[in-house]
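Read from first to last, the chains carry the letters A, B, C, D, E, F, G and H; within each, the first residue is number 1.
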Amino acid sequence: MTDATIRALLAAVSRGDTPSDEAAARLIAAFRASPYEDLGFARVDHHRAVRQGQPEVVFGLGKSSSQVVEIARRIADRGHALLVTRATPEMGNAVSTILTGCRFDAVSRTIVRPASEAVTVPPVGPVLVCCAGTSDLPVAEEAAVCGDAMGLAVERLYDVGVAGIHRLLDARNRLEAARVLIVVAGMEGALPSVVGGLTASPVIAVPTSVGYGASFEGLAALLAMLNSCASGVGVMNIDNGFGAAALAARILRA
Amino acid sequence: MTDATIRALLAAVSRGDTPSDEAAARLIAAFRASPYEDLGFARVDHHRAVRQGQPEVVFGLGKSSSQVVEIARRIADRGHALLVTRATPEMGNAVSTILTGCRFDAVSRTIVRPASEAVTVPPVGPVLVCCAGTSDLPVAEEAAVCGDAMGLAVERLYDVGVAGIHRLLDARNRLEAARVLIVVAGMEGALPSVVGGLTASPVIAVPTSVGYGASFEGLAALLAMLNSCASGVGVMNIDNGFGAAALAARILRA
Amino acid sequence: MTDATIRALLAAVSRGDTPSDEAAARLIAAFRASPYEDLGFARVDHHRAVRQGQPEVVFGLGKSSSQVVEIARRIADRGHALLVTRATPEMGNAVSTILTGCRFDAVSRTIVRPASEAVTVPPVGPVLVCCAGTSDLPVAEEAAVCGDAMGLAVERLYDVGVAGIHRLLDARNRLEAARVLIVVAGMEGALPSVVGGLTASPVIAVPTSVGYGASFEGLAALLAMLNSCASGVGVMNIDNGFGAAALAARILRA
Amino acid sequence: MTDATIRALLAAVSRGDTPSDEAAARLIAAFRASPYEDLGFARVDHHRAVRQGQPEVVFGLGKSSSQVVEIARRIADRGHALLVTRATPEMGNAVSTILTGCRFDAVSRTIVRPASEAVTVPPVGPVLVCCAGTSDLPVAEEAAVCGDAMGLAVERLYDVGVAGIHRLLDARNRLEAARVLIVVAGMEGALPSVVGGLTASPVIAVPTSVGYGASFEGLAALLAMLNSCASGVGVMNIDNGFGAAALAARILRA
Amino acid sequence: MTDATIRALLAAVSRGDTPSDEAAARLIAAFRASPYEDLGFARVDHHRAVRQGQPEVVFGLGKSSSQVVEIARRIADRGHALLVTRATPEMGNAVSTILTGCRFDAVSRTIVRPASEAVTVPPVGPVLVCCAGTSDLPVAEEAAVCGDAMGLAVERLYDVGVAGIHRLLDARNRLEAARVLIVVAGMEGALPSVVGGLTASPVIAVPTSVGYGASFEGLAALLAMLNSCASGVGVMNIDNGFGAAALAARILRA
Amino acid sequence: MTDATIRALLAAVSRGDTPSDEAAARLIAAFRASPYEDLGFARVDHHRAVRQGQPEVVFGLGKSSSQVVEIARRIADRGHALLVTRATPEMGNAVSTILTGCRFDAVSRTIVRPASEAVTVPPVGPVLVCCAGTSDLPVAEEAAVCGDAMGLAVERLYDVGVAGIHRLLDARNRLEAARVLIVVAGMEGALPSVVGGLTASPVIAVPTSVGYGASFEGLAALLAMLNSCASGVGVMNIDNGFGAAALAARILRA
Amino acid sequence: MTDATIRALLAAVSRGDTPSDEAAARLIAAFRASPYEDLGFARVDHHRAVRQGQPEVVFGLGKSSSQVVEIARRIADRGHALLVTRATPEMGNAVSTILTGCRFDAVSRTIVRPASEAVTVPPVGPVLVCCAGTSDLPVAEEAAVCGDAMGLAVERLYDVGVAGIHRLLDARNRLEAARVLIVVAGMEGALPSVVGGLTASPVIAVPTSVGYGASFEGLAALLAMLNSCASGVGVMNIDNGFGAAALAARILRA
Amino acid sequence: MTDATIRALLAAVSRGDTPSDEAAARLIAAFRASPYEDLGFARVDHHRAVRQGQPEVVFGLGKSSSQVVEIARRIADRGHALLVTRATPEMGNAVSTILTGCRFDAVSRTIVRPASEAVTVPPVGPVLVCCAGTSDLPVAEEAAVCGDAMGLAVERLYDVGVAGIHRLLDARNRLEAARVLIVVAGMEGALPSVVGGLTASPVIAVPTSVGYGASFEGLAALLAMLNSCASGVGVMNIDNGFGAAALAARILRA
């Protein structure tokens, strides 16, 4: 149960749309449940939604498909939304076998399944996800899909690298309209500096491992972004599109 | 002129507190001025406040005192607020000689002078600046003083490193109340992960160069923060307290 | 023959449980054996148990299955306990073919076979193996299984990373009861600092290569642990669960 | 109040050496005191002795002399033992001015002052501090002096680097007699591997920044120690003699 | 004697401005001289001008003032132009004491003295030296002063960093008019990518050590420039303004 | 349309070879076309040829074959020359399926297809591509094939590493005749220094990832080239043969 | 033709074993041959034997099997000895198909074929190749097999790592008898320091990539060896067994 | 007593130049002396000359002047030769005060004092010390002076960097005549590769910290030398001129 669903539930009660008994029962069940379940190899944190306003997210890298399935089942049992990142196609198949309504996306490497709770909240935003080149797409899409799953209103502006600055300047209105900018770039990682100079909203920079040679798997872009001469740029780990979406969600709910 | 001062000016006009002629004259003067002044060694960017909602900030490191004085004079001539970071005591003296109302702070290494414009805006926040140890104070104070200069309502929570976790847990209410958290730590840089797990607001992590040996001048803390298992933590350059304040300002004005 | 088995043998003699002739014969045979056997590609060190209180351990990485089999055979011929780390399933099969009683464990990548000597020693401990996330399991299990093979009383506490600090605090009694703590973590490697602050027993920190991007194959966690602000934390090589168990054994036998 | 002093106090009561009223008063005063004092720039942690069995230690690096004096005064006010590491001569003078009975040691860069509590505990050990060369002395002495301050029975074995292996082998009896070995080395950092192979007790390896060129300020020794082929060697941060003593204390009290 | 002075001399002969005897005498003297002089600690390479079209350049870093004086004397004795880079004020004084007509410049850290040969060649260019910030001036000026000494027509465009992209776009005509662009930047080193995208002429990128923290003394800017998404950008060593000028001279004389 | 084709077209008009109507129609069509096409995942930059004098180049690494095909189709539709670098055999097949006249080269990993415009321009040069060893061929050939596609007159001088300096000195005439030198080397990367000392033309150094161990994937060669004691050497990213050709084209058209 | 074969030939002439005509014919043929053959992709250096006393060696890494075959054929055509390092089994097969008398060795990854010249020279030595562990065998064997091919009298002493120092000390006589010592070790790379301290002959240290985690592919061992506290230890690249043999050959022929 | 002096003494006895009683007395005294003296902070190793054929050498870096004086006194008391490296002028003065016949050299930073034993041995060699530039002199001179002190016949060839290859080729006869070559270079460290290709004798490469920016304090030169394409080049630590001399001595005495 997220803050938003709790608030929506109470509003429904106050509007008379939901009987107070039913609402009370749902709240009691939620709080009675143990804050986390111990699967031996993992402790599923069911209260994160309460503490942080975001449902538990499963990081697929380094887990077996059967571990992901087991965790996913527990999350779905509580009616929570499911979001798996760094998912393999095999994980996508395995989870879909036991849970209906899952969507595996190969580009962003995510599995998404909405919460079973009926209350919906209008998305907040816009969050503009920009990327420098075509090869940055997997990371940009991870940010976009995760942001969408977290209730953000996501827009996309792709292949606007600084070596063709007119492509970026043409989109100046969209840059200025965004309430949060997620800027994804590999190679020399210069895009957040230029975007940061053109806008007043928070800029979340995501270096990617796109490049070769002296890009050192994204180190060049990471260092560039940390040294951005545009002030007020927050940097994520290399290829961490999910984290950028999570920070955007923290910002827009703050 | 920042967005806020423009809005405040127009509100004053609409309330009848300021004659429209006077307001118009001020706005015209501001826009007529060239967007930047070329001093040969520097181009002072007077429109940054309009573009980014923050006054021009002077980065003292690598500049001579006389260069800083010259830039400061131009900023003051426009009536803009002055903020110099990484200032030396010598710079503090030099700028104070030509401009009244400057405050040099030795711990945060800043020179601050308010804008001459009369309109004031209530500070937004609270922004909670946390730091792990006493040695992190210069960076934490840079964030706090700069945030204050940018119109943020800054609070401080110092020496709450994770090896004595009860010191942090005792302050849980203040952590949860903050709209933005700036978390400053050197050595192993673990504080943002714990803070990020306890709160729902955006966390801005600032690694410091505090440490020795395998801290490699802050690299250990930087890498730790980039790899934080708490989702939604944005990372700044090592020792970049100013940048953290600037990102907090972007967030609270978004 | 370990110190413990020698002592147990003599105690048995003094109690009259073992005839002194038989004990003498066993001791003489053990000491007559050459301290190491030269297989050309390897020198099997049969006296390590005497010198260091731990049987010879075979490090599988970079050895062929046939080399491992050959070394295992010589160790078993002396009646020593066999412990192979970084073993592949192929090695597990190959060794099982020539030696009965082997147990290959896929998660910890170990082959274990008890010593043929009858004397048993009660395990010492407890040694608590903690890990931050599910992906750290292979390393945590290597520590646990090796510790068990070395005669330690091992307990497990998994998936207690610092971003959900309540999961760790809930286990505070178990942390305080442990005589040695082995703390395994990847990503930002913050867990040993928090554990070190909560306990008075020795903390052995094991960074793992779990993570991506700026984790640089475990470098981030390694540096964080070396810079731990909790005093008295000893650090092992990345992914070296075996070494942590060996240090725990040195400590509990000291 | 450490565990040891609490135990000693109660033993004195049970022997009739100390009236129970007096003991009770001392215990009550200790527990009533706030667990830490907030000096604004620092939170002095007075309960660490209870939690971890070691008094609060002041890390001098990056603190001003006046900050160290202020913290030292609070520790002394509670009657606790004072230990300052990485102390400068200036700090030594400053603290000596306000507190009697301090000893500043220039080689180990420490300030030591015993607790005012009368109960004494016999030192535990022996802990043997070995170092490879004369230039490693500051780090070795930091370990030795701190260990002494923590109640360890410290012995020294200096200048026994591996390029003259007979110097080390001549001391084999002392190596085997030690319950904990602290092995300090710069340059190629090979000493812990050889010592680890000769002994069964826990080995704490401390790399130093002694060297030049490709030692990269101690990185070479650090990496060597992390990769030691002797199993069960725990590694500390570069130049961290204090940490080694703290780990030895944890081990011998475990 | 450079290619240019040889050609100019022969042109003067063919025009009748210089008697062929005189020209012959000068050429013979030049070629008779040994190709290099051995000073013991240095071999002054007098034929470099012939081989490479540029006079011998003295690199001051790591040389003593007396060594620089000795080398300068030999170069001046041949009538060659003198250019000392990374010169200290002390070197400037020392060389001025023995040679007239020297100019020491504190910002670019150079000593320049024209050749005694009368023939002048019109400068080639324009070469546009751009820099991102005020702190990059020493490197930009080294490029500019050295280029001037090598016969290039140098222009300057300073403080046009990418976070205020309009400052750069305003100078688009000058960028397009340049035959070679030397682009100097520290911090995130993004300027060459943007400039490279706006122009068709060769771009020589010079990273500077300007920055702090994760700039790692210019490494961030260096890596960014090597990974530039603008094609056809050649990169120099960190802070190597001289080398950029030398490459520009090679290009314009090719 | 490149500068050269525009100039050639106008010259043809002025010579009467092309009717002005036809020329006008071609120019109008070219300029009417949008400067770039948005494919969603990519923005094909059709005006790069105008801005930079070089046709759009497709960087194959990290793109799918279908993405490359789609981009190639759009470039061919405009009649532009096609150049794909880091192409896989699969990409070569896929593009050949939809476009006639493509040439995939396995050594240089390129796909080349000439522009459909009839106007030809004589190649400029010579550009001499040197390499140190046989293993450097893929990078050297990338430079050579790309240079050829860009209209440069390319020559080759292979396997002339510095450990057999006579092989290089034997080719001294060819070195001196080159207007631009592209020098490709892995391992210790010394070749550009020697070549730079023997010639007056611009030297473009390309480090390769050839080597093992402490070559660290080309880092050794990269650092060596950046530190070249020959002045005026511009360095490209590791393995970036294409970039070297692009810089050579900028130089020869400047 | 090596120095040794030239000397042997002349000695045979002076003894009357070889007619001077025949010797002269052989010498003339050798010198008439071009010093190198240009295969386009490679220049086979046939005079290296004369210049450096060692036959041309083919480095297999990064070459195709057909390139290796082509080079091998040319070397064999001149009657020279063939040595291919870093050879794959496929290369071994391919070369054996066209040349008789080749020996491919899978452990050392070498192809060896003796020179067709009849003159034999007694091997010089002994050269003792030591290694620390079983996993170092491929590198140690590369050194041993190459040394043998170069005419050295090679002995082997394997698995004598420093954590079991008695294994090394037992072989002290062999260490002292060696005229050159090649010491191969991975992990912490400590063996050369101990060996260097026990002997007076030149020590050639070869780090290997054996290890994991913080060995960073051999970096730890490399740095350790460069920082050896035993004086007079020369270090080779990581895994460069061949180079060690080549240096040993230079030493024993000096 | 070195091997050489022992042999010379016995030869003198066999020639009747020295009475056997006197020789016996000298030998007995030498062997009776303890193999090392324990000064607390150092163990002076008096038998190193016997074990390794070279007198004890004092490494000055990181030692105090009084420590150096104390060690020097013990060495002189035994009549051994004294060699201090990395000596400061202050150390030079301090040692000269207590010992006659010392020579401090400021360039090589050495203190040299011959052995008091009368027997002299003719120097072996020649050892040719080459360096690339004037700034490499301190390291080259350290090698030369130490080699001289160790009984080597040292020659010098300075400022022969590869960017002016003719300076090196002019000295080809001297290169070929040398029995050992010590090649010292900073920056790109290419000189050993070229020298290694021109000679058959062992090449000892010494990288220096000469350079700036991406030389990273000598790392660039170190990596280049480790990757030398000339086979049989042994590499020393950065700036380790002494080590190169020690290896040369091992080689020439082998």
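Note that a contact is a pair of C-beta atoms (placed from the backbone, for glycine too) under 8 Å apart; a residue touches a chain by one contact, two chains touch by 3 or more.
Computed from a predicted structure; not experimentally measured.
Between subunit D and subunit H, the least number of touching-chain steps is 1. Listed by label, the chains that touch subunit A and also subunit H are E, F.
Subunit A and subunit F touch with mostly distinct residues; of the residue numbers seen at this interface, under half occur in both copies.
In whole angstrom, the spacing between the mean C-alpha positions of subunit C and subunit G is 40. With centres defined as mean CA coordinates, subunit B is found 27 Å away from subunit A.
As a whole-number value, the distance joining the C-alpha centres of subunit C and subunit E reads 62 Å. Within subunit D, residues 133, 164, 197-198, 213-215, 219, 222, 226-227, 231, 237-238 each touch two or more of the remaining chains.
Chains touching one another form the pairs A-B, A-C, A-E, A-F, B-C, B-D, B-E, C-D, C-G, D-G, D-H, E-F, E-H, F-G, F-H, G-H. In the complex of the two chains, the subunit A residues touching subunit F come out as 133-135, 137, 158-160, 164, 166-167, 210, 212-215. Interface residues of subunit G facing subunit D in the complex, by the touch rule stated above, are 132-133, 161-165, 169, 187-190, 193-194, 196-198, 211, 213-216, 219-221, 223-231. By the touch criterion given at the top, residues 3, 51-54, 57, 179-180, 197-204, 222, 226-227, 231-238, 242-243, 246-247, 249-254 of subunit H touch subunit G in their complex.
Across the complex, subunit F is touched by residues 35-36, 38, 40-43, 45, 48, 59, 61-63, 67, 86, 207, 209, 217-219, 222, 237-240 of subunit G.
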